[in-house]
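Below, each structure is written out as structure tokens.
In what comes next, chain A is part of two complexes: it sits with chain B in the first one and with chain C in the second one.
Moving on, here comes the complex of A and B:
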């Protein structure tokens, strides 16, 4: 099963545990400046939002790279930067519509999320469940459930739901009648 | 080894910034942050120095766990001599600046002297520059943040700065970082402004590494976070209600100081409580609380992010205050609310915003306004003193107006900016200043919580709850329940809390973790990070050493045992209602015993054997 990072900004408190976990896994130091996942604070709105690479299927960064330094990891679906191949030309950073591939001046290479090879540290470190690692096919499931739950109410059709025995979902006449 | 091993020494008179190695021998004896910076301070200044003279030194300091994944590992402190109290000042703040200083590669920044002109310190990793702040002088904290972000074209720059109150000589000015976190108490911001230092703007990209045992550190901090998540206070109470979870609890037990501490219960407590912050309001259907927010690395996330009712009289025509920002914590809600008799949550939130915007300690501000309201009620001050304002207890309009005046140091606000002791002395009634060593009380009436009376009287920075929070034991039963109305065992209890807190502060952790963590949860985290052998026993010894060092500084600065006292009101006027009805604080019973368990003489001086035992 292919998995993906699922980000739920409404659960984020802005603590940066994810950034520290990411930077520690990748650099050996707690260093939010080197994190591949970033938490943004929208102060005036009282809102926090984590953001990182979504691992596009048709990955623009991968297609743009002139030296084929970005490759598909078949096991995880992530697009990984081969550091020893990367020439630091930054074309991928321009190609990425989301800004999640970034150049690192210290090393002269680009870095991006590689899902930690299938065990992302950011999701393990998140204390509130704002970052989870779930089936890629079901990342919208919880939001669908939330909307589904609201649906009858927003439609205003049945403010007092009928009792269960009165509900005939498929309108099939009950057997043994008359 | 978790310390960076580097200190930045900034001489403001000379305009120089020089690196020097951290004294690692002291680091083993004082750990970091509060303890280690205080050691530097006591070695470098004359305790009798005028706090607002260039001879005073101010230190911004991190701890060994600051900037790490240890939960709440983002704290920094400002250590200096206080202009409000004349004692040691050590004000602790969360937010993000502490971790940024550490990630830039510095354990502490020592500021000496006084700049001839306003400057700010720009610190980017190894680059440290004093830059002109003449264009920032006269600006609020919020404007300073915005201007520094813009002119440096770096929204990630972390900033700690003073507002207009500090520039105007308000004696309880805070240093505010990240818009609404503050090194709040004892006037550390006033010291900063006296040095013509407007701000620190910091960017650190080196990170924090070099641990004694990185894998053990990850395991220990992981275990610590689990304990916090599973604890009812740190896992549920604080994230949901913030420190405001206490408002109704403390009111119920008759320990809610009300109307300048004349009373012990506030009839309007439920209107300004953590629960009330969740209630949708009529005008726009929004609750006061927008969300909870965390400081760096904190898995508790007690911070309140709030909005004010856009229809409220205080901000109706001021759209700049319609945005979300740091809201009411318990201490602010109490000092600005119950203590002034104001139960209007939007007025309190606005006053809190102003405290953030211009850097004022809301506890001392609220308590000083309360004292002014009592003086007004007594007729000791009149509208002739207050720029024509009527300032009875319970007036939200008065609270709002007086806060505005004090934030800018205008009119009667200039007098209020001196704090309640100087205010009450000026008008001939020193007895109604509710202070210890000239610093105002926090939100726990010591008639209903006896141990807190002793903690206040002996606190090294004047009245304070964060120097020995026996409320944990006396109210919440952490680590074990003691009777809040008895004095038995309180001397030992206060000492234990004071020593442990000094160690927690010095690590760079938040004291709120101790609702769930004992020293046995903390020691493994420090031990995995730091060189040396950091056991619970050693941490408590370090805490005791720090406490005695601070005490020694205060004695040399001129304090005596006579200053270890409480206002007459709390020792003579019994509580009129609630569980503590008929009680005063029995400080006289507890204090001699406390001196004894501290190893001090009957006049509160360190005995030679105590000095020797602690290596002082």
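Moving on, here comes the complex of A and C:
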């Protein structure tokens, strides 16, 4: 069973430990600017929300890439950027409807969350349990689905709607079929 | 079931792979008029600066990828006619290929303007790997290069030409650079940015002819402002047109591109079209247009293949979007970036720092946007447009500060504040 990152903004205190851990794991330095998970601050409401790639089934970034530089990691279900193949065209950054693939000018490549290969450091670093790495069925899918029903929709079945309301659930296992 | 695909660009390749999965017993044949393995035109700018070799442009890596996945690729096979009654294709050279389901994914080709001297040696388009090889030969250090047209493709290769250390002059007929992607202000900033980096840019200027040059340069380009500039290489990037010539007499209806329905089927049953050649549904306008962008080609390819394999999938329309890197200045545009009647907008312009963001709303829904100098979370503009998320009071916050677009998205879709009660109840 694939695991998913479960994000619970209501538990987040904005301490940025996840950003520190992510940047250190991926770049060797503590540099939140390089973190692939970002904590957004809502000053008016005094609230925080950690947010990163949903590893969505649609994989918009992966399908838009012209040179096959984004690949499916079979072990974790994450969509990983192969840096040496990426030419830095940035098409994936506009194709991702969640805004979680970002271009880095200093490397000329894009970066995104790869679940640290199945051992995500953000969740290990989070002191409040706002980020946990759990099996997908424990991660609140049903609640998310219910919420998704309320989203405004265009008429008819969408072949590939961006699942804007299911962002907290990662690695949803595909149910049978094609 | 015999599936035949004409064209081996992203639309063709995505369709071939999708068909392979959905119809394991059928045969899948993909034809390309070009000699190379299926490759991506989008990788050409990086090939031009030798950041990647030819393999780096291939859509799928590894020798034998297509064969081992049961997809027959015929390179160098140009289709010259389609007989939709007999359900077969004619190739240049005389071969015929029968099909049960046909996908036309032949893309587009550059338009050559009817200019005196445009057929001179050293005048090239920039559309294929073949073109690129010619350009690489001539665009050497210190060479004088004239780029005719500063549309999206022209601007995309502009950076490669500068990085090859050529002395570059850009001539654009319209009043600004990338006129179909950026408004006056953003287009103006891109022009100033290029000029600051040593590129000569003429806007609102028309090329009159390509003549013989002087001072050891083989070519010269004359403009309607009376000036003439010497060149070792002239690159023509004034637009593209859909590759539909071979459809004459086939009954497949065309306009700007091939007319398709919501299932990417053409006016002839069992014949589908996808990618740059197809006039498909635009998500925002509800009209059928040729978008000629890579993400749309990939979307079309997947959808068309589903329908060819008998899995009915209706196209909901593709969001028109672009991202451009002009010598390090990154710009994006999405959907109805120029706004809609009765809508309103939010804008932040900081010309000194080359930063700009413009959001376009209809009611409290984002319908378009463009940005300059932003690389973080830009995709969320697409997400907000396509999911039609209602922004509520966040719209006013965005009107004060449009850079908070990612926060707006999260606030409207996550368990924060008011949403938390709904989401975690």
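Throughout what follows, the second predicted complex is superposed on the first by the 140 of 178 C-alpha atoms of A that agree within 3 Å, B and C clash if a C-alpha of one lies under 4 Å from a C-alpha of the other, contacts with A are read in each partner's own complex, and residues count from 1 in each chain.
Just so we're on the same page, contacts are C-beta pairs under 8 Å (C-beta built on N, C-alpha and C of every residue); 3 or more make two chains touch, one makes a residue touch a chain.
Quick caveat: nothing in here was measured; it's all calculated off a predicted structure.
In the superposition on chain A, A:31 makes contact with chain B only, while chain C stays out of contact range.
Once the two complexes are laid over each other on the shared chain, residue contacts for A:125 go to chain B alone; chain C is not touched. In the superposition on chain A, A:96 makes contact with chain C only, not with chain B.
In the superposed model, A:75 lies in contact with neither chain B nor chain C.
Using the contact criterion defined above for the overlaid structures, shared-chain residue A:66 touches chain C, although it does not reach chain B.
Between chain B and chain C, it is C that contacts the larger number of residues in chain A. With both structures placed on the common chain, the touch criterion links A:20 to chain B but leaves chain C unconnected. In the superposition on chain A, A:45 makes contact with both chain B and chain C.
In the superposition on chain A, the residues of chain A touched by chain B in one structure and by chain C in the other are 45, 47. Residues of chain A touching chain B in their complex: 13-17, 20-21, 23-24, 27-34, 43-48, 125, 127-128. The touching residues of chain B, counted against chain A in their complex, run 67-69, 71, 96, 99, 103, 156, 179, 204-210, 214, 218, 225, 229, 239, 290-299, 301, 305-307, 323-325. Within the complex, the chain A residues that touch chain C are 8-10, 40, 42, 45, 47, 49, 51, 60, 63-64, 66-68, 85, 87-91, 93-105, 143-144, 147, 150-154, 156-162, 164-165, 167-168, 178. Put simply, chain C touches chain A in their complex at residues 10, 14, 21-22, 40-43, 45-46, 51-52, 56-61, 294-295, 298-299, 302-303, 306, 311, 313-316, 321-323, 325, 328, 330, 332, 334, 365, 375-383, 386-390, 406-407, 409-411, 413-417, 420, 422-424.
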